[in-house]
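Two complexes come next, and they have one chain in common, chain A, joined by chain B in the first and chain C in the second.
Up next, the complex of A and B:
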């Protein structure tokens, strides 16, 4: 199969040993997919008819960042190291930086919001999704607004469809965005691709909530790429519900630029059969007293594979900031492959960073308990999968997304359709 | 009101930072060529297979890239590194026969006194060669072999074993500096503990690199047979120069069934050193490896002892501390492969960074499909002593086995003002308070060391903390 390949996708900012094959991934896109328009946007006109732009909001923020910049010379050792032309041992008090530490220090010196903007998957993935989308939908709030919008990408077998969305949340406004990435193969074996490319600027004290549901059938490749910039006091809540898709790539990068900005990310995922899940989260704390929390919870069954890269980057100057990352994984079958890399990069002392992970199988005693009640191991595993799907269905933001979850669940579990009747 | 920042003053490292002339020493040319590699082998009168191994390693070295994920090693120019420096003496078995300068070096480092007090045997390497090796009669009578590895290579009985094991845990293809080691290794120890033998007192090897612009490439090979028990201590130091020195040693440990090996290291290389060392242990059924590691020195450090738990119910524990001060970028941690059923691993590390130093904890836990019923826990705590330093944590887990439990936790932070305030309110100065807190932070590591080494480690922490308050 001929494929277009995006290399170094979802790369961690600070790589580890190459032999672990966790640093990044490779996205292969079949070249014979037909570009289709399958995106619908449900939003009030006052949200879409706007002259605001993501670039404009970033430029305004840059002016304030420049105005706040002090003119005191930064003589820290890492700055000296980044500014010297060649590395030598003439000055033994200047450390030899690694490539990512050098990049980080140079970014810090430049202090350029637009240049530092990034998304979680890859700039090439963004370009490809932009090409599929044809144009970018801009959703912009006015100060004091409380808005909601839904973007649906409905993929078909043999087709490739993508959405490109910019959200510009004005100061003191709020917006609730739902993105549904659904691919219904309708029994076809043909491959398909769906994706969304999202840029969010959350203005001062704005509240932005983004929920992404991925409910594609196993033949689909799904790319969910996003980048966020948060101004002072902004709060962003993101929920990623990843239930389907043969290969899914979820990437999120966030620049907590303003003081007291806060980012909350909740990820719930399920992978079955031979499905693959790839997550890359990068949270850069730049403002003072910024907070981030990442909480991932998933079930892997069959011979599925998952990689979760989570990076909390506490950048010099983000005094009083806190970053936290938690992951709980249930390995419901012996053939699964679970990879986790929870990274904390810390260039500031007055901060707190922590992460934890619990990775475990269904314990023999738990299986025994269930066995005593007439449940085989397969039935027990199906129970865990069903629990994930039921939770997703119950919390689905609308009927259409709930129907997508039920369709997916019915393909995985024989009697899952009964659940639909129960909750109807 | 802005908080007062601490300032870092120069550290008095005179305990370790002294040097002697190299009169009478033999230096090969700087750089790395097949001729140099061949000459090292010929000087040691090695068997042909070892020369072939060296030359093959050199080929691998030449085609492998430098690592791109860790601290920069751009300041290390192999064309200016002398890979072999022979001191003006052969190996001795009594200190009185060792030339004065070299003997004085080890006297100042306290090695002969330690040998008299509590060690079962000592090996001392100066630059590229062992200059002293001795073991107490009681240990000899137990059948324990503790000698220079080159010496053992000339014994037919041990040559066969060395040939079977040498660089099998750390193959030259593992990474560029493993290949370099395979090409130019020199010196190091060979330890063999027979079945069922338990040695109550530790053996120690101490490595001193005196020569400016030189490399040290010692190879340590330890075999602890079934049901045996050993504690091995490794120490190292060097005087400070303004040119790069290189340490690319290798440690290969084979732990038999139900055997136990504790491997303790206090690393205190000078701050112009590139420490690119590799350590690896393989444990058979119910075998146990304990790593105790203190990393204090070096300009750049890459150090990740690795445990391969190949036997059912085998165990690994890693307890480590890394202290990165001004000018240092120390990338340390460990690797564990859970490769058999019911294996267990614990990792507990502490990292401290200060004065613009950079400390990175890097780890991997890999549970292969064979590791059913295994468990691992990783705990990593980092302490930032000022806002000029950096502390990164890059752990990874790859879990493919059935019925495993893997737990991981990490925290990064600084000393709380409330703790300093509390101690100062009891009449303790701020400097003392900080040192006390850092010593307490390091306590889980120091308590695992023999008393004398715990004292040395605490002294190193004190040295690093000196002048930390402005």
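Up next, the complex of A and C:
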């Protein structure tokens, strides 16, 4: 396989200063990777034998969206500006729009669910992962179902493997999906790549829970790309547990289309050595009284790097909506590079957008305390890493994922496997 | 200074931000002995404990610290801990994100004779927690976060019993504790002495904690200087008279020195 670079990946919807180097990222696909089949899906036939499709569910939603569209003309200045063909000096009441405003307003006018669909890492990564996967697994619930499924991608050094999964949760159903992105280099220095492409349609009042564990060794590049569409009253809970991988790219975009839809995202990450973490979250509030919460908590050690972009977009019409994003990151070494970009875009009144970040180096008095118990700077860093891994192991969805966490922990920390014996 | 001292502090002068806190302090503690360092607030008692433990905030300007036959004056605090020194904090810090059990496991890692594998470690820590009337649920909580003052002190005692240092400095471990918590701390000190015959330096300005202890030597510190040393009979005297006379004497001698 030839060298491949995915540019403008995980781009923020509304970019900030270019010199900050955080508007988007570039994904270098390691050269000479062999495309391998390394995906297993554990799900009842009820889920996989279906005629439902993501596109079909979106088309059904579109019909209802179109039916609810009012006849009243939208006379807002931004709409006039987006619809006019040429600018005129005689019309000083119509503002000039930035490229971003023009695109956003046109999307708003079109109100096209399929056209507005997006994923966090964006379309090029989506295409690449779909190519690796070969085909898409569709997991569809019937109304009233309560289902669970596990998708495992087991990467190997020298190989590239990807899963492509569509989840279609019918109205009043629930589904619990676990995705394990594990790359075991088995002592090899060769690079590897694993990833998953996920599209989720959460029907009216559906409950969808998605947990992604990334436990790849340092030689792996990992791409976790997802896009969500939420119908009225749907609730989606996402947990991203990013523990390993030399370079990881986690992207999630969500369209809270239906009224009272709710999205909860909990991210736990760890980066050690020279690892790099890249996160891009885009939550579009379109329905009324929609709610989103993003809560990230991480530890950076060594000379690792992390960028987290979190955008809450409160779009015209989402009255009564609330979006919130928080991050707590512990910088256990002076050599780490940590960037966080919380963005709240707002074109509606009667909404609330909140963001907060707590970024802290380990304080000297904490280091002294740890020193008084025999922990050097290096041992203190290892303790922070171990604590994150132990927490992830304790809350792992199944034994196999827990074993992956312990394998990763044992590679990073001496005697980490003792922890497993302790809690067994 | 006794020749078989476990800890010898000789002519120690230490400062912080160019302000001298300790002035030529001498202290000698033999193996198995219990010493008490008393004095009014601001006398430099806690500084003494921190300097012995190697807190990088303080600069040692003169003098030396010898422990177990080795000069540790330049040693980092983690190495002093591994050499067998222990400091119990007056106000133990909180470390969010790190469960107490993970911290305890890290603190015994690599210590000869103390390393324990998984289940053995868990069993040992639970035994110690029971000994200190401590809810084992705390083991899974983040270190110090949301702990009451009493629970924090119990965690300090638990570490003392787990690590079994050769010499422990207890910095006002009794401060802010109710009667029940005080009794638990006293039990912890007794258990430590019984389990490994370790040495103790108890920093306090309250004599209650000393009632059940067999004290070998009492040192009174005022203004960064040891102004009086005696046997345990000094404790009831201080309980009755306080530190006022020592402070007067110290002020007089400092004035004489400056003249």
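In the analysis below, the second predicted complex is superposed on the first by the 413 of 424 C-alpha atoms of A that agree within 3 Å, B and C clash if a C-alpha of one lies under 4 Å from a C-alpha of the other, contacts with A are read in each partner's own complex, and residues count from 1 in each chain.
One rule holds for everything that comes next: contacts are C-beta pairs under 8 Å (C-beta built on N, C-alpha and C of every residue); 3 or more make two chains touch, one makes a residue touch a chain.
Predicted model, so just to flag it, every value in this text is computed and none were measured.
Superimposing the complexes on chain A yields a three-chain arrangement in which chain B and chain C fit side by side.
Looking at the superposition, the partner that touches the larger set of chain A residues, chain B or chain C, turns out to be B. Of note, the Cα-centre angle with chain A at its vertex and chain B and chain C at its ends comes out at 80 degrees, rounded to the nearest 10. Once the two complexes are overlaid on the shared chain, A:330 sits against chain C while remaining clear of chain B.
Once the two complexes are laid over each other on the shared chain, residue contacts for A:418 go to chain C alone; chain B is not touched. Look at A:364: by the touch rule set out above, it reaches both chain B and chain C.
Of the two partner chains placed by the overlay, only chain B lies in contact with A:95; chain C stays clear of it. In the superposition on chain A, A:4 makes contact with neither chain B nor chain C.
With both structures placed on the common chain, the touch criterion links A:372 to chain C but leaves chain B unconnected.
In the superposition on chain A, A:387 makes contact with chain C only, while chain B stays out of contact range. Taking every C-alpha of chain B against every C-alpha of chain C after the fit on chain A, the minimum distance is 14 Å. Touched by chain B in one complex and by chain C in the other are residues 363-364 of chain A.
Residues 14-18, 20, 22-23, 76-78, 86-99, 101-102, 314, 316, 319, 331, 334, 336-361, 363-364 of chain A are the ones touching chain B in the complex. By the touch criterion stated above, chain C contacts chain A in their complex at residues 53-57, 76-78, 80-82, 86-87, 89, 92-93, 95-99, 101-103, 105-107, 109-111, 117-119, 121-122, 159, 163.
By the touch criterion stated above, chain B contacts chain A in their complex at residues 68-75, 240-244, 271-272, 299-300, 326-329, 331, 355-358, 360, 362, 364, 366, 369, 372, 382, 384-414. Partner chain C is touched in their complex by these residues of chain A: 297, 299, 328, 330, 363-366, 368-376, 379, 382-384, 386-388, 390-391, 414-415, 418-424.
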